[in-house]
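Next come the structures, one after another.
Each of the next two complexes has chain A plus one more chain, namely chain B in the first and chain C in the second.
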Partner chain A sequence: MTRYLARRFAASVVTAVLASIVVFLIVRAVPGDVVAQMLGQTSDPAASRSLRAFFGLDQPVWVQYGSWIGAALQGDFGTSWASGRPVAMMVTDAFMVTLEIALLTLALASVVGVPLGLLSGVYEDCWPDTLIQTFNLLGLAAPVFWTGLMLLVLASSMLGWSPPLVYAAPGESLADNLSILVLPILALGLLQAAAYSQFVRQNVVSALHQDYVRTAIAKGVPARLVFFKHILRNIAIPLVTFMGLMLTQILGGVVIVESLFAIPGLGRLLLTAIQTRDYPVLQGALLVVVVAAMLVNLGVDLLYRVIDPRVRLA
Partner chain B sequence: MNATRRWVLTAAGLAALTGLPARPAAAQELYGPKAAGASKGGTLTFGSLVEPPALDPYHQGADARIRFTVLIYQGLFYEAASGEAMPLLAQGYTVSPDGLVYTVTLRSGVKFHTGQAMTAKDVAYSYNYLRDPKNGSPGAGDLTLVTAIDAVDDTTVRFTLSKPNAALPMTLGNKYGGVVPAGYFDAPDAKQALNQKSVGTGPFKLAEFKPNSHLALVRNEHYWEQDAPYLDRINILFVPNSASLIVALRNKRVDLALLTRPQDIQQVEKAPGLALERWPSLNQKALDLGSELAPLGDVRVRQAVALSLDREEIMRAAVGGYGKVLGTMVPAMQERWGAPLDSLPNQKPDIEKAKALLAAAGHGNGLSLTLTTINGYDWMDPAAVTMKQQLARAGIDLAIRRIDLGVWIKNFQSKQMGLTFNDWATQPDPHLLFYRHFHKTPEGADFRNWANAEASALLDRGLSETDAAKRKEDYVQFQKVLAETVPTVMLFSADHVSVRSEAVQNYQQHPTGWFYGLARAYLKK
Partner chain C sequence: MTMADTDTAPLPLLPRWSRTLRREPGLALGCLVLALLGLVAIAPGLFSGQSPYDIDVANALQPPTAAHLFGTDDTGRDIFARVIHGTRITLAICAGALLIAAAVGGVAGTVSGFFGGWIDLGLGRFVDVILSFPPIILGVIVTGVLGPQTANLIFALSVIYLPVFFRIARAGAVSEVGKTYVEAARGLGLPETMILRRHVLRNVLPLVLIQYIVQFPLVLQIQAALGFLGLGVQPPTPDWGAILQQGKDAILLAPWISLFPGLAVLITAFALMLTGRALQRTVDRR
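Let's look at the complex of A and B:
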């Protein structure tokens, strides 16, 4: 186990460094830089040169990368070119907000999606299945920006209510925090719940047609035991894999809901950094997304062993 | 309320209801007119679709920053809506006969947000810091003609120039910099500290700035103007999309906001409890004709393009009528600096004349041109389609290509833009509006490769002329050359459209788009 973890850690470091190079090059491939953004279209060439030197953009790319990664490995991600704030602080603050959204979305999707999927699978081709499949189709077909907008408009027109526009952390006011997050989590959660439900249904239907289930039923094992011991256990591993994938997807894809509901998370930070070509923030935030994805994958792998002790991590 | 102001409000009400032209520019008063019976106190919530990346007025050049920091920091002069520099922290100034020395007398009784009194040393330090290229301010380029800034005594500052610059007072305004205590930037964390604590002299001081969330300003208790500002606090909420902003306006979570897209404006136009007002702007949506592109190098082709365009139709398609068709001057400055519209050639559509010009230029069988538009500028797509139809009547086949802003800026700066839409704004001074864009190189940038010696000479005269009437005449002549030889067609100017709850009173939108009006707004109790 220790060797496995050490190997995974080493591989993760290599992946992170490679990802950092890709991220570094990609953000610089976007047309226009921070100087063009700051000075606008009619900038004076001398002022542009002076500012470019000020930000180190006159250096070769590999020199810029060397300076950045050298400092980053020592925990210094620099300061934002736009705001002058420490990147580590900005990214950490934003990441905590996004993590809260991701975890609450995951919880909502699991609580709604998994039971629906089980029900749908067990009642394959019966009316509950048809009803749930319809929900799944609608959930999967509706883009998150549309669901978010509809929730916003419905809440406004039917209840005369809209979420506050200033984010409050759970520690500041849990009530405010939840009232800000309720619509975005519903928008994301309904989509995810549909995906979970569809995934679980397919696995349940597939398991119901397996020999071991048929044998168990033929041997007279009670339906409850067949369901919990044979079906649920066997779909646990693919479900955990799927949840890991979905969590990674939420972490990297909350840009739309964060923008729609004015939530200061990682997605909105990334969007603003792209707009202002704030390379230090962009690099720091993207690196956090990459590392978070790697950690989720590692967590999923470790969970396999918890779920099924026969799994050997080597 | 005086008679003029009452007329303005009545006109605005009618304009909102009937689609009449926008109300005239704000009156010639600092930050707009004071209100005699204004109630004091209260918190106004402002919804903003744009967000300042930082609040440092020296090193952050984004317009989104300027909009808000004009309430916190003050320069020596105020950019009056009509195009004049009014004394702000200055009391007045004199100019030497050769136009090379400006002696500025400072207003007395001004204190920084820290409570410290402002002196000439602070002013000299601030502007010297701003103009030093080593300090990395995007505002340094505006002060390259300044060779020295000295504090003569506690209340007098002297600016020495290398050559006359009649636009100097306007460049000592509020776009970049602002007066801060002498030596402020000596502290290593000074730039970042401006996001936590303000050190200006403006009517509001910084209470809190949380990027991607909100900015809170509170009344400056040391402020030098009598009985102003009226509000105790302004909470500025950054709302990244207009759908959420409209919902927030309707649900009274936001008291005041500026909207830009016609489809958004239409959604709140008749909403109960909300008042919609239109204001002239210094923005212009233009069609640039770069002479480096072969057929556009021929002035007859450029004139033919201008004569094929119906600007009113383009404006209606592009911004739903929430704008004003232009001649050669943005609406807010038309009265003070604009050439009379009926004196300008090539302003009205004349298809027969356009065809004749094309034939004379050797394009009698038609001509193909490609128009560049920029991704993310909503008005450009409908404008381009409308223009394609209009140009077809004169035998010009227009292809349309869209590019990203970064690519467009690169092309523009390298003067390889050909035929393109442009969207730009200015400070209200004709030198700042025209010189860099249209003066021949190397003094100007001449982005459109116009290389017009007559126009450049007029721009030089306008820069050095300190007599206001003569200066205007120079710029009127320049505009006639501009209209005659068509390096650009100023199509229209989009209005600023403010939406406010009925509780918000006395708010006037400055044509720059900066939120000076919040220094005069109050909440009805």
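Let's look at the complex of A and C:
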């Protein structure tokens, strides 16, 4: 177990380092850096040189990378070129906002998706199944941001309600916080619930056709017991894994929804950093996204082991 | 033909494709919608006589009427014409990007799985790095950094989907390499590259083709999302994502600008999913 953990972790670290190099290079591949943007039309070579030296842009790329990653490993991501605030603080603040959305979305998707999937699987090929599968396909086919827009239109035309325009942290006002997050969470949650329900159905259907289920039914075990004791227990692992997968997907989907509803999360931070060529913020935010996705995957792998000791982590 | 044959085999009164369609009604519906979309993409003039570019400020922000089926936008352009004419550009971008991803990822994956060793290790690590970014975020970075141009959009989309094809093709190649026909070909003294090209690649191809259909709706959604963020096709070119982006600011005033291009994405993705799923089931059954 320890050896597996060490190996798995080492592989993740290698990928993370490679990813950070890629991030660093992509950001620098851009025509027109921050200096060009700050100076605008004027092209005073002396000003440009001293600004480049100030930002460290006159150093070779690998030197820049070395000093960035060295400081980042100690938790120092530098300061934002656009706002002068410490990047670590900006990224942490944004990450907490995104995390709240992601966890609430995951909860909604599970509460809606799992029962629908179980129902659909148990009634395989009957009308409830057809109905739920149609919902699943529609949910998967609708673009998240469009669902968000339509929910906004519906809420305003039918209920006469629209979310507050300025974001409020849960500490400031929980009611305001939730009312600004409710539409984005619904939009993201609908998509993920459809995906989850689809996945649960597949697992239930394949479990129903297993020999142990047929044996249990033949022995006269009540259907309820077969369902809860045999089927649910056996599909638990894939269901947990899928939650990890959803969490990484939500992390991606949140970018668009945040920009749509003006929520100051990681996605919006990334977008603004790209627009202003704010390298330290862009690099810091990207690194956090990549590492978060990696940790989720690692966590799911370990949960496997806890839920089912038979899983050999070779 | 023996008696046993006539007893067990179903009467071949209907061709195989029609039997498949009857077993998979979703496939029929999906294909029908896709055929219609293909026609719209090829000949948009058949469906809409109006130009998607004509500005008519006097009729700006009109709700749907008989003259403007989907209403008009803030400069009075006909949304119906824009959605119809946008079909070609939207679908062409997705199809092109996916083709590049399938070709590059498919070949790289097959080579990786066939030869193994350090090639496999190197390519695998490269793909892992791409996969460590959530897809939309990768798209936002690539298009945001390189600039919102159609070529960059296609590049970004093909990078995002390359790993999918790589993995599918690699898994296919690994399972093919273990089969006896490859052993036989080696025994006959065929060069490795010929075995790869003539035999393995050909057997991996169906897997890649099915994945092409399965991934298409996802590419379409990311394409639309990037367009919506202003990182895709730029106005005034009619692209579904670009129309959605234009409609964003007037969403409560003129929801129809956003409603119809979004519905177009939804219907296309729905038809593609129905088709992809049915195809996968049909292949699994064989």
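Quick note on the criterion: the second predicted complex is superposed on the first by the 282 of 314 C-alpha atoms of A that agree within 3 Å, B and C clash if a C-alpha of one lies under 4 Å from a C-alpha of the other, contacts with A are read in each partner's own complex, and residues count from 1 in each chain.
Keep in mind that, in the parts below, a residue touches a chain if its C-beta (ideal position, glycine included) is under 8 Å from a C-beta of that chain, and two chains touch if they have at least 3 such contacts.
Please read all numbers here as calculations on a predicted model, not as lab measurements.
**Student:** Based on the superposed arrangement, let me know which partner A:R268 touches: chain B (first), chain C (second), both, or neither?
**Tutor:** After superposing on A, A:R268 lies in contact with chain B but is clear of chain C.
**Student:** Just checking: does A:L286 make contact with chain B only, chain C only, both, or neither of them? Give me first, second, both or neither.
**Tutor:** A:L286 sits against chain C, while chain B stays out of touch.
**Student:** With the two structures laid over each other on chain A, which partner does A:A141 touch: chain B (first), chain C (second), both, or neither?
**Tutor:** second
**Student:** So, A:L152: does it touch chain B (first), chain C (second), both, or neither?
**Tutor:** Once the two structures are laid over each other on A, A:L152 reaches both partners.
**Student:** Thinking of the overlay built on chain A, is A:L18 touched by chain B (first), by chain C (second), by both, or by neither?
**Tutor:** second
**Student:** Looking at A:I26, would you say it contacts chain B, chain C, both, or neither? Reply first, second, both or neither.
**Tutor:** A:I26 contacts chain C only, not chain B.
**Student:** Looking at A:V111, would you say it contacts chain B, chain C, both, or neither? Reply first, second, both or neither.
**Tutor:** neither
**Student:** According to the stated criteria, A:V166 is in contact with first (chain B), second (chain C), both, or neither; which is it?
**Tutor:** first
**Student:** In the superposed arrangement, does A:Q249 touch chain B (first), chain C (second), both or neither?
**Tutor:** second
**Student:** Could you pull out which residues of chain A sit against chain B in one structure and against chain C in the other?
**Tutor:** 30-31, 149, 152-153, 156, 162, 259-260, 271
**Student:** Once bound in the complex, which stretches of chain A touch chain C?
**Tutor:** Residues in contact with chain C: 14-16, 18-19, 22-23, 26-27, 29-31, 137-138, 140-146, 149-150, 152-153, 156, 162, 248-249, 251-253, 255-256, 259-260, 267, 270-271, 274-275, 282, 286, 289-290, 293-294.
**Student:** Report the residues of chain B in contact with chain A in the complex, numbered from low to high.
**Tutor:** 47, 51, 53-54, 56, 59-62, 133-134, 136, 138, 140-141, 144, 191-192, 194-195, 210-214, 235, 237-241, 243-244, 247-248, 250-251, 253-254, 404-410, 412-413, 422, 424, 436-437, 445, 447
**Student:** Show me the residue ranges of chain C that touch chain A in the complex, using the header's touch definition.
**Tutor:** Answer in residue numbers: 125, 128-129, 132-137, 140-142, 144-147, 217, 221, 224-225, 228-229, 244, 247-248, 251-252, 255, 258-259, 262, 265-267, 269-270, 273-274.
**Student:** Inside the complex, what are the residues of chain A that reach chain B?
**Tutor:** That would be residues 30-33, 36-44, 46-47, 50-51, 54, 79-80, 82-85, 90, 94, 149, 152-153, 156, 160-162, 164-167, 259-262, 264, 268-269, 271-272, 276, 278 of chain A.
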